[in-house]
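In what follows, subunit A forms one complex with subunit B and a second complex with subunit C.
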Partner chain A sequence: MKKIRLKIDGYNIEAIEGQNLLQAALDAGIYIPHLCYHPDLTPSGSCKLCAVEVEGQSDIVQSCETIVEEGMVVSTKTEEVNKLRMLSLELMLASHPKDCTSCDKYLNCELQALMQYMGVSHSRLRDIEKENTRIAVSDNLIKKEMQRCIQCGRCVKVCEEYRGVKALSINKKNDETYINTIGDKLMIDSDCRFCGACVEVCPTGAIQDMKGIFSKDSPKNMALVPCKNDCPAHTDIPEYIRLTKEGRYSDAVSVIREKLTFPHSLGYICTHVCESSCKRTYLNEPISIREIKKFAVENDKEETWKTKVKRSKSNGKKVAVIGGGPSGMTAAYYLVKKGYEVDVYERQTLAGGMLSYGIPKYRLSQKIVDNEINILKEEGINIHLNSNISSLDELKDKGYDAQLIALGACNGKRPPVYNKKWLNAVDAVDFCRMANEGKLIELGDTVTVYGGGNVGFDCARTAKMMGVKTVRVVCLESREAMLADKEEITAALEEGIEILNSKSMLTIEDDEEKINSLTLIDIKGFSFSNKGLELDVVDGSETVLNTDMLIFATGQQPGLSDDFGIELVKGSFAKVDDKMKTNIDGIFACGDVSYGTKSVVQAIASGRDAAINIDLYLGGDGDISDILYERQKKNPNIGVKENFAKLNRIETFHNKCEALEETDRCLQCDLRLDIQKVKYWVDPHYKKVKEVTE
Partner chain B sequence: MICDKKLEFPKWDESDLNSCVVDYCVHIMDTARRESCGKSVLCREGTWQAYEIIKYIAKGNGRSDDIELLQELLEQIKRHESCEMARDAASICLELIVKHEDEWSKHIRRKICSNMICKGMYTLYIDPQLCDGCGLCLNSCPSNSIAGGEQMIHVIDTELCNKTLACVHVCPKGAIKKAGAVKPRIPKEPIPVGNVGESSDEQIGKTTRRRRRK
Partner chain C sequence: MSKNYEADVIVIGGGASGITAAVASAEKDASVIVLEKGSTTGGAANMGMGIFAVESKYQKAQLVDFSKEDAFNLLMNYTHWRVDARLVRKYIEQSSNTIEWMESLGVEFLGAYKYFEKSTQTWHIVKTKGSNAPAERSASNMFRALTERSEELGVEILYNTKATQILMENGYVTGVEFVGEDGEKVIAECNAVIVATGGFGDNPKMIQDILGYEWGKDLHSFRIPGVQGEGLRMLWEAGAGKTVPTMELTFTTPGVTDVFKTLSETMRQPNLMVNLDGKRFYNEELMSNTVYTGNAISLQRERMAFTIIDDSILNTYRKTGLDYVTIHHNIKTVDKWDKELQTYLSGGQSEKTGLSELHNEEQKHQVNIYEADTLEELCEKTGICLENLKQTLEEYNESCTTSDEMFFKKHKYMKPFKSGKFYAARHYPAGYGSLGGVKTNDNMEVLNDAGIKISGLYACGTDACNIYGDSYCFFLPGNTMSFAVNSGRIAGYSAVEYMDSDEFN
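Coming up: the complex of A and B.
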């Protein structure tokens, strides 16, 4: 890149040959007002704000349209220039609403910033009322307030030349121009890909994101990609979806592996919060992210990620991890890579925790779990199976520099009134474990599951598969509000499982040892207050159900007792601070044992955090990040896809074709982050000019 | 190049007594703003703003600093707009503002349009001497602002009149006329035809006080 020199307002600056004058000035820290110009778009010189005078030229020129030349002498603030700028801005404001404070872009608006910079308000000119501002309509994703549009044309340009979509244009009706989709179609009927580029470049409040789509608690660059933001491990979902689309499964898996330790298992059983927050949900249905992950993992023949894993030299320090579930194994894996010697103590005969003993085999086969554990183990984790640690004292003399409690939440939790040992009542977590171990007791002809979450359905479906004639799920929630995944509910119904919604258990009729029947009552609603569960019952709606077996799927809790040697909260949870430390120095806790039953992916994320915190505690840098796939510059040009807004979700893939179709539905929210940000005049960048010396 | 629009604007005939320079400029700017492709601010907003200001002047709502503002606006369009059509429209108007400064000033300061073309500058009335009560005008008026009946001298309610001039065109007697600042004496309500004496005709326009205003 050849550098050339020029003088702007007396400052000697350097510019790149071929660059436009406006960008050169902005880069050098000299602010020239501009509005229709955007660094990613072709300049058009239509707003007249970036006007400047160039020595030797009789007329004012638009700096965005002028290419820099060696020795150019430029003035950006002459009287003539100011006159043109002021008038142009006033003209734009003549038809712009004056109620800035009622606009959602208030204080974050380029137009407003320009008004402040130039000291222009609505004044000399006549107000102009435009008619066609009501034509363009909002939809679920994009809010249009076109009365605020100043027709700078950026949205049209970004859609056409940057995205290659061309859904927007300057239209004309009754001799008045306005911006809308071509042919005034609804956005869902147009070629719009809902990428949000138009929102990103709009300098006013005319085109905005619909409120509520993006989280307000996260920084903008995270919030704009909701799937990645809401994934507890922040997996780079849009990137691996794109790679899967291109058939680069190994690269896709590398992206997944950067954050997740059990991708194949997650492909089957992840609770996929990413899908719940997927922006496409507002259009029709979310992307089948979990299925895409599974498809990528199962089609990755090369496993290139393995060659790129970052490994540190041994640092001679030892860490014990108590519990070989997803959280503990994840922490162990990253700690081993950081050079620690790690012993994992697992009380069961298999590692994997809930993956091995909680989730029924029909949902996730043991082979997959074993394989994933082996992959982690290969890094050099020492796993001690059948090693129950019931007190920290047992590890006291083994010379560990730090210990991590990752025992999970493996005890059932019933409503307190039902804490009685009946022969034919069992907690869901025990039921699942026994089923997975093949040690299940006699169930009888009718099984009732109390609780309508995913675990409840695991139990019900397992019972049904074992040949129980009548299986019922009783839950407080209405059908619509049920906590279990939709696909679980559908499958259960297909298998002939009854679901009794909006019911609560009133009493259990027993003969000391055995439950005979249950009395249920209909409820209109329920809530949890500090007094516990509060019900709004329908009087006189009691029904009696006979059952041979009752399974409580009403929650889980850790099995820690005071004897373990750390401070507990809420009965059996490990008390941790924000660094995941317990009250005992060097003892950390992660996963369900520290925050309660959540999900496997949450446990993995927690395990990663634990590894970071332990490394920092032991004097490391806390950096466990891996770059397993070197990101390439993303192509902003996404082009047109026929009927894009109406493409339906494909739940499961039977072939590459279906996988391709589903990946194509992705809105690629992350591409928006690549659009350059326009710096306001108050930006620190403009505080000092980057001058070059002669 | 944003737009390569060109437009041949009709020339203004200065000698035509049925035309007015301000009215002509309203039309030029109206045409320009309607033809604008919308891409450039001086063309899209500039011509519209100029049209808006001239329209105010034509309606008798001009402000004393309007000429200055208009000149600045047109000057900027003429010099800096890349669209040839907008530039042409601006130079035509600019030239006419300079050349006919008096007429523009009359419009703004005295609300007078010499040829009584600009609608804010005159009212329509029915000459009671000429009206024969035929009723054609009454039916032609889209705003129902004419009162009258068979064999009655018709009267225009100037408050309601939109000056579409439809009545002027249908009146077989040429009885419907324009009045500027000086208003003739006419009946307030319809009266039978022939009830207006010769003498009253002579009074028209003569008894009203001459107004002198700068």
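Coming up: the complex of A and C.
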């Protein structure tokens, strides 16, 4: 890039050959007001605000359209220039509404900032009322208040030349121009790809994001990509979806592996909050993100990520991890890579925690779990199986510099009145474990599952598959409000499982050792207060159900007791601070044992955090990040895809074509982050000119 | 964390009050950081036009017969001495000097104006470049000048930055925790914190909990984005004493005011106004005192009221123009009545009429302007009690020929219903935002519940604006912004005095 020199307002500055004068000035820290200009778009000189005088040229020129020349002498603040700018701004304001306070862009509006900068707050011209401002309509994703449009044309340009979509244009009706989709179509009928570029570049409140789509609590660069933001591990989802689309499965897996330790398992059983927050949900249905992940993992032949893993030299320090579930294994993996010697103590005969002992095999095969554990183990984790640690004392003399409690929440939690040992009643967590171990007791002809979450359905479907004639799920929630995933409910119904909704268990009829029957009562609603569960019952609606077996799927809790040696909260949970430290120095806790039953992906995220915190505690830098796939510059040009808004979700892929189709539905929300931000006149960048000396 | 932040004074909020406080402190050689949530300074005040002052050089030149003593007495009588007299006195005393101070920063004023007929002439409207007419949003010029001055003085303004907590140690302010644009939590150390976040006008939950209005239903106040009450929350958490906040009440016709200006202004003229019972409750002559009107409306059943006219009244306006003309809307005639009415009544009201997405679906489809051939039809559409309305109308028409024995409205505003269609507009309480909430003294030092000051903690502007009692005082226009600016100045100076004092070590 050849550098040339010029003089602006008396400052000697440097510019890149071929650059436009406006950008050169802005880069050098000299603010020139501008509105239609955007650094990513072709200048058009239409707003006239960036007017300047160039020595030797008789007319005022638009700096955005003027190419810098060696030795150019420019004045940006002459009286003539100011006059032209003021007139131009007033022309825009003549039709711009004055009710700024009801505009969501208030204080984040380029036009407002320009008014402030130029001292023009209103137009001396007659107010112009535009006729066509109500033609363009909002939809679920994009809010249009076109009366605020000043027709700078940025949205049209960004859509056409930057995205290659060309959904928007400057239309004309009754001798008045306005901006809308080509042919005044609804957005969903147009070529719009809902990428949000038009929103991003709109300098006023004319085109905005519909409220509620993006989290207000997260910083903008995270909030704008809801799937990634809401994933507990913040997996770079749009990136791996794109790579999967291109058939680059190994690269896609590398992206996934940067954050997730059990991607293949997650491909089957992840609770996928990413899908719940997917922006496409507002259009029709979310992207099948979990399926895409599974597809990428199962088609990754090269496993290129393995060659890129960052490993530190041994640092001579030792860490014990108590519990070999997803959280503990994840922490162990990252700690080993950071140079620690790590011992994992697992009480069961297999590692994997709930992946091995909680989730039924028909949902996730043990082979997949074992394989993923082996991949982690290969890094050098020492796993001690069948090693139950019931007190910290047991590890006291082994010379660990830090210990991590990752014992999960492996005990059932029943409504307090039912804490009795019946021969034919079992907690879901134990039932699932026994089923996975193949150690199940005789179930009888009728099994009742109390609780309508995913675990309840795991139990019900397992019982059904084992040949139990009548399997019922009883739950407090109505069918619509059930906590289990939709696909679980549908599958259960198909398998002939009965679901009794909006019912509570009133009493259990037993003969001391065995439950004979249950009395249920209909409820209109329920809530949890500090007094516990409160029911709104339908009087006289009692029914009696006989059952051979009752499974309580009413929650789980950790099995920690005071003997373990750390301070507990809520009975059996490890009490931790925001650095995941327990009350004992050097003892940390992560996963379900610290926050209660959540999800595998949450446990993985927690395990990563634990590794960071332990490394920091032991004097490390806390950096466990891996770059397993070197990001390339993203192509902003996404082009047109026919019927884009109406493409339906494909739940499961049978071949690459289906995977391609589904990945193509992605709105690629992250592309919006690459659009440059326009700096306001108050920006610190403009407080000091970058001058060059001879 | 890439950078350590440290300053003598940290100002939370870069609106009218905050940026003024920053300049004031910096002029006294303090180092200052301003934490601003938006991308520009000036906050809600960018929308405004000017500031209150008494005995300014403009008023003297314009022969305005209204002294500091008059202003003080007016406000203290208005509030029954239930507000801090020392603060009111100090504020009024400083106000004219603030005009000159602003001019020294390069701000120009057009002169002193009234807001409505009965108000005093205290509103100093900021001049915009190349224009000699009052203009909406002109106050933004003032904030540009203040922003530039603050930069000259080395004030560091952090934009897109949200303060989350005031840090205290042993009863002294020690810093502020904030979240930067990248979402990272940062702790900045300082000796004094000035809170100037502008109240909670954009926080429906606080509006409901504290003021008892359900936003969008019986209150349609401005929701200036970002004014969410965090400042008050942080102050209260830091131990500040509470005062009872109020809403700076006005009234509005949702979906009509500010959108269909001719409809709106015509239906805000001093003609018959009734409640759902079909009864008058107000001297409509006072319609242009929007505070009084808002107060009266919010006392009515379902907090709503209707102004009614007919074609004969409309025809009078066609000939003579409107009775009341406001400076900011400047609608003088009813030329656009037919066109606006047709647009309004033919459109599916929702987004076409400016009811924002903050309203729920039902509210978005609410109709607030009615046209009817008969009283029966009108009552059918509006829900007004027909029997009572008939009687009210009869009495009203009679009063038009004699006098308004009910509320003593001036005869010139008594226009009888003679012929043609009826038109009605439904009005609800509205407002500019909340006022007050935190206890301070006349140095804008924040006090705890016991009335003892919290060392190093200051509040100014709307968060601390407790000087109007229960209702904004519209008789002294330019007051809210002026209080923001003047209390900001007081806070800015006080903070520096504190750091220079023996108390501070």
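Operating definition for what follows: the second predicted complex is superposed on the first by the 693 of 694 C-alpha atoms of A that agree within 3 Å, B and C clash if a C-alpha of one lies under 4 Å from a C-alpha of the other, contacts with A are read in each partner's own complex, and residues count from 1 in each chain.
The rule we apply is simple: contacts are C-beta pairs under 8 Å (C-beta built on N, C-alpha and C of every residue); 3 or more make two chains touch, one makes a residue touch a chain.
Note that the structure is predicted; figures quoted are calculated from it, not measured.
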Touch test for A:151: subunit B only (first), subunit C only (second), both, or neither?
first
Using the superposition on chain A described above, determine whether A:418 touches subunit B (first), subunit C (second), both, or neither.
neither
In the superposed arrangement, which partner chain does A:48 touch: subunit B (first), subunit C (second), both, or neither?
first
Go through the superposed model and pick first if A:175 touches only subunit B, second if only subunit C, both, or neither.
first
Applying the touch criterion given at the start, work out whether A:11 contacts subunit B, subunit C, both or neither, answering first, second, both or neither.
neither
Can A:88 be said to touch subunit B (first), subunit C (second), both, or neither?
first
With the two complexes superposed on chain A, say which partner A:124 touches: subunit B (first), subunit C (second), both, or neither.
both
Touching A:595 in the superposition: subunit B (first), subunit C (second), both, neither?
neither
For A:102, decide between first (touching subunit B), second (touching subunit C), both and neither.
second
Between subunit B and subunit C, more extensive residue contact with subunit A:
C
Using the superposition on A, tell me which residues of subunit A are in contact with subunit B and, in the other complex, with subunit C.
124
Subunit B contact footprint on subunit A (complex, rising order)
36, 44-48, 51, 59-60, 83-84, 87-88, 91-92, 94-95, 124-126, 128, 150-151, 153, 170, 172, 175-178
Interfacial residue positions of subunit A with respect to subunit C in the complex:
86, 97-109, 112-113, 115-122, 124, 134, 137-138, 143, 210-211, 218-222, 680, 682-683, 687
What does subunit C use to touch subunit A in their complex?
37-44, 46-47, 128-131, 133, 135-141, 143-144, 147, 151, 157, 159, 179, 181-184, 222-226, 258-259, 347, 351-352, 354, 356-358
Help me check something: in the complex, which residues belonging to subunit B touch subunit A?
2, 33-42, 44-46, 48-49, 52-53, 56, 69, 72-73, 76, 79-80, 82
